[in-house]
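These are the structures in question, set out in turn.
Here subunit A shows up in two complexes: once beside subunit B, once beside subunit C.
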Partner chain A sequence: MNKSASVVIIGGGISGCAIAYNLAKKGVKDVIIIEKEYLSSGATGRCGAGIRMQWGTEMNCRLAKYSVEFFETANEVLEYAGDVEFKQGGYLIIAATEKEVAQFQKNIKLQNSLGIPSRYITPQEAKEIVPHMDETQILGAAFNPKDGHLNPFHTTQAYADAAVRLGVEIMKYTEVTGIKVENGKIAGVQTDKGYISTPVVVNAAGGHAQIISEMVGVKLPLYSERHQILVTEAVEPMQGPMFMSFSQNIYCQQTPHGSFIMGRGDPTEPRDLRVTSSWEFLEEMAKTCIRFLPPLKDIRMVRQWAGLYNMSPDAQPIYGPVKDVEGFFLACGYSGHGFMFGPVTGVVVSESILGEEHTIPVDALSYDRFEKGELILEPSVV
Partner chain B sequence: MRIESHPILTFEKGKIVKFTYNGKEMEGYEGEPIAAALHAQGIKVLGYTHHRNRPRGFYCAIGNCSSCLMVVNGKPNVRTCVEKLTEGAVVETQKGRGELK
Partner chain C sequence: MLKSTGIPNEKDLESVIPPKERLAKGPVAIIECFEKIPCNPCYTHCARGAIKEFEDINDRPQLNYDICNGCSICVSHCPGLAIFIVDETYSDTEALVKIPYELLPLPVEGSFVTGMDRGGKPICRAKVVKVQNPKFQDKTPIISLAVPKELSMVVRFLSLEDYYSDSTIICRCEEVTLGEVRELIRKGYKTVEEIKRISRCGMGPCQGRTCQQLIMEEIAKATGERIEDIKVHNYRPPILPIKLGRINGGEKNE
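Entry: the complex of A and B
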């Protein structure tokens, strides 16, 4: 069935749904989201779902602060019938090396200057916050009580429901097979369910963003990388914050339901679209987890899975237009923090499409930064 | 009624051992599933649902369904349908999701 739209968004994750919601809220009619499977079936629904304001660059601190403030009121603002389950138990980022101690103290100064209530704490203070941790394994920690984590499925659904109420159409189980460009301008999107004529396409395809871009002849400097994660059985609440280490390679949170979700990166992970699971991950994850959080040795794991980080050269997102193809907008390259920046994505990409000035400072995240060689040097990425 | 055979598990019926269920002394056969020993004593409620506090009993009997989770020797979330009974085991009804120590 053929149809037309004013904007076609490719990808039904947090980014696509947040962009659609923001466009519709600004009065844009005929917005269509195309999703290959179901909402949150890609990177969004596979992520660790943390949100931290503890970054090392001013821009990222500001973006994350915007997201946290949004998540705090998401149920009300989006008039969601469910609950996004925002657990604001903080992020405890442990310092395991002298380099981290110095970096965190520098980061905290910056964060505090921007109104982020993070603080440097001793191992003993860290243990008071996470009583089951082995404080002898750390030199200190950075803690921000306003960080936290939420449910990525509910959060995406909240955006999607609000968008649909405002007239957005979501085409699930629909695959984009081609994008038509005429005279350097977007003309339409071919899907396995028919053709949609449109002047604007948003690439919010997560781990598949580079494939979508190639459909319009734009070769993005992106690759996808598998990241694995697991969930345990539920126990009574015992851990408030997300427990995390950059150098020791772990993040671990306890959901409001009581189960623990934990993950770690691995430099040998395949750089393609595979989302299979490996036993090596399970073994390494268990070792790291038990070293820092010993009582978890007695908890049973329920299942493990994997998702894709869409990696950019500076591990930062790419937002906005592509100058060679008019009407083609990017919302990709999140490098593992696309979920937490979802509220920002929705606002800034809708502003880009409508030619409005950005209300959040993201100009540095434009696509042409790679051409100009103006990469962002963020010290605090996983 | 005592569960003597199982379609998947095999267990040896050992000597008679003593154990406690919520502080009450009981007897069962060493090596049989704890849930089987409880069942033989007429105890069919093994736990309660989290939201509505409804009784839960023996269900899948192969360690999959979580219906028989109990605290055994201080450890929560033990699947009593596949956990073998030992001499002096302390078996308790679990309240809530279990606390890790």
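Entry: the complex of A and C
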């Protein structure tokens, strides 16, 4: 089965589906998404799905703010038959060290200047927002009531359904085995289901992005790292915001469904494509969670899993073209926040492909920043 | 009753049901032929001579239970579809009932159907263990159904409709109905994993112990795939829900 397309997007996660939707909305015909398994089977469907505007760089604040504003109306804009389950319970980011107190106060100033309604609060104020927390463990907290989380499967599905209505084709269970480049230009994509000739390929392959890039001879400065996560049984609503700490390494939210989803990073996690689960994670996670949120000790966890962070040197995404290979575009390197940037990814990458001016200036996130050495390091990452 | 409804009563059946001791030994034919009609293919096709020679072609067949080994040759040769094989040794809880079935489409091996009684009333959920349709059966396929043992003398027909209806809750943890799953399959979700992620079916504390099999059956029914070829969802630890306090050390898991 050989065919042709105007754009082939590799990866059926939030990024790939959002890019396809935006291209189709702008009138691009014959857009194909290739997905090795099923929609949101990779990092998107495995993530914590938190959405926050509380960042430490202006770029990330702007990207996140755009995404939050989109998510607020996603069900209507995408005309989704289901519900993306966006819950704006806020993000409570606790400060456990003096360094964090200073960093948060600086961050909040930046955030407020960009119209993000975050504020610094005392431990007692934090306790009022999350009554079951142990406020004696913290020095203060940053709180933004407009942050939240949503359901990654339904959000991706909403984009995919809208894209398909606009004519996008999604090839599930199809694996890219090679990308053909002729005279420095993209010529087509070889898959296990046949060849697709196309002048444009978008690499939205999440944890597999560096492998896809190698197919066109581009060595991205990215690596994938396992991050683990668990979910508990559903209980009565008791926690509004996402509870998070950078220094203590925890994020913990209660979904509208009632279950708690929590995760943490670990510097010793393997840097490859493994997504197996470990007992050590479980033990450390339970310990950290109970230390800050003691009543959660009586809730049963039902499942743990893992996904891949696609890590870039400055913990920021890479957006846009690669100058050595004409027609090859990047949407990867999210370093753990690709899901929440999905809406903005869709907009700016589709603009890059069509040569349009960016809605949000993202030139600083282009691939050549690594050559120029112009990195903007994000301080606020779990 | 038999004359007006065509359905035999208990007394009618007494004359054709083998003794308990014989049923305990393995498969045997149940010849539910109650009318004196000029017909004898059961006798002429029985290779073991288990059916007594007809003195008169109008005679009802007389089966020697000890010679019959339940081979089922007579089942497809009975023009009245009146012969069944019952094997009560199939499993500890189930009996195998072989039923002649001349309707299309045929059920799919491994799928679940509704077992019906002689009057056509839905009785139980039954698994299609085998569908036999070789040439010598001359377009009378034989369907082997696994049914609860106590219903071995009750189930005599089947309907392809599942015994469960659209409103049946198949995922008790997340309260997902069979109808919701069927709708997703119609929309193109053809794997357990996809259905699980979009519907939460199988995400609850039991992690899909009941619903997974049911989803696989529905997918098989819709796609014609064999159940054995359908991928199960990823199994993820732990096997049983465990309190976070217990993982943290010390507290007992109730």
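In this text, the second predicted complex is superposed on the first by the 382 of 382 C-alpha atoms of A that agree within 3 Å, B and C clash if a C-alpha of one lies under 4 Å from a C-alpha of the other, contacts with A are read in each partner's own complex, and residues count from 1 in each chain.
Methods note: a residue touches a chain if its C-beta (ideal position, glycine included) is under 8 Å from a C-beta of that chain, and two chains touch if they have at least 3 such contacts.
Worth saying up front: this structure is predicted, and the values here are computed from it rather than measured.
Of the two partner chains placed around the shared chain by superposition, subunit B and subunit C are both touched by A:233.
Judged by the touch definition given at the top, the superposed model places A:289 against subunit C, while subunit B stays out of reach.
Touch criterion not met for A:313: it reaches neither subunit B nor subunit C. Of the two partners, subunit B and subunit C, it is C that touches more residues of subunit A. Of the two partner chains placed by the overlay, only subunit C lies in contact with A:38; subunit B stays clear of it. Once the two complexes are laid over each other on the shared chain, residue contacts for A:277 go to subunit C alone; subunit B is not touched.
Shared-chain residue A:301: touches subunit C; no touch with subunit B. Judged by the touch definition given at the top, the superposed model places A:145 against neither subunit B nor subunit C. Within the superposed three-chain model, A:157 lies in touch with subunit C and out of touch with subunit B [touch as defined at top].
On subunit A, the patch touched by subunit B and the patch touched by subunit C overlap at residues 233-234, 296, 298-300.
Contacts from subunit A toward subunit B in the complex involve residues 132, 233-236, 238, 258, 295-296, 298-300. Put simply, subunit B touches subunit A in their complex at residues 66, 75-77, 96-101.
Taken in their complex, subunit C has these residues touching subunit A: 191, 193-194, 197-198, 200, 203-205, 207, 234, 236-238, 241-245, 247-249, 251, 253. Put simply, subunit A touches subunit C in their complex at residues 37-41, 45, 82, 153-154, 157, 231-234, 257, 277, 282-283, 285-287, 289-290, 296-305.
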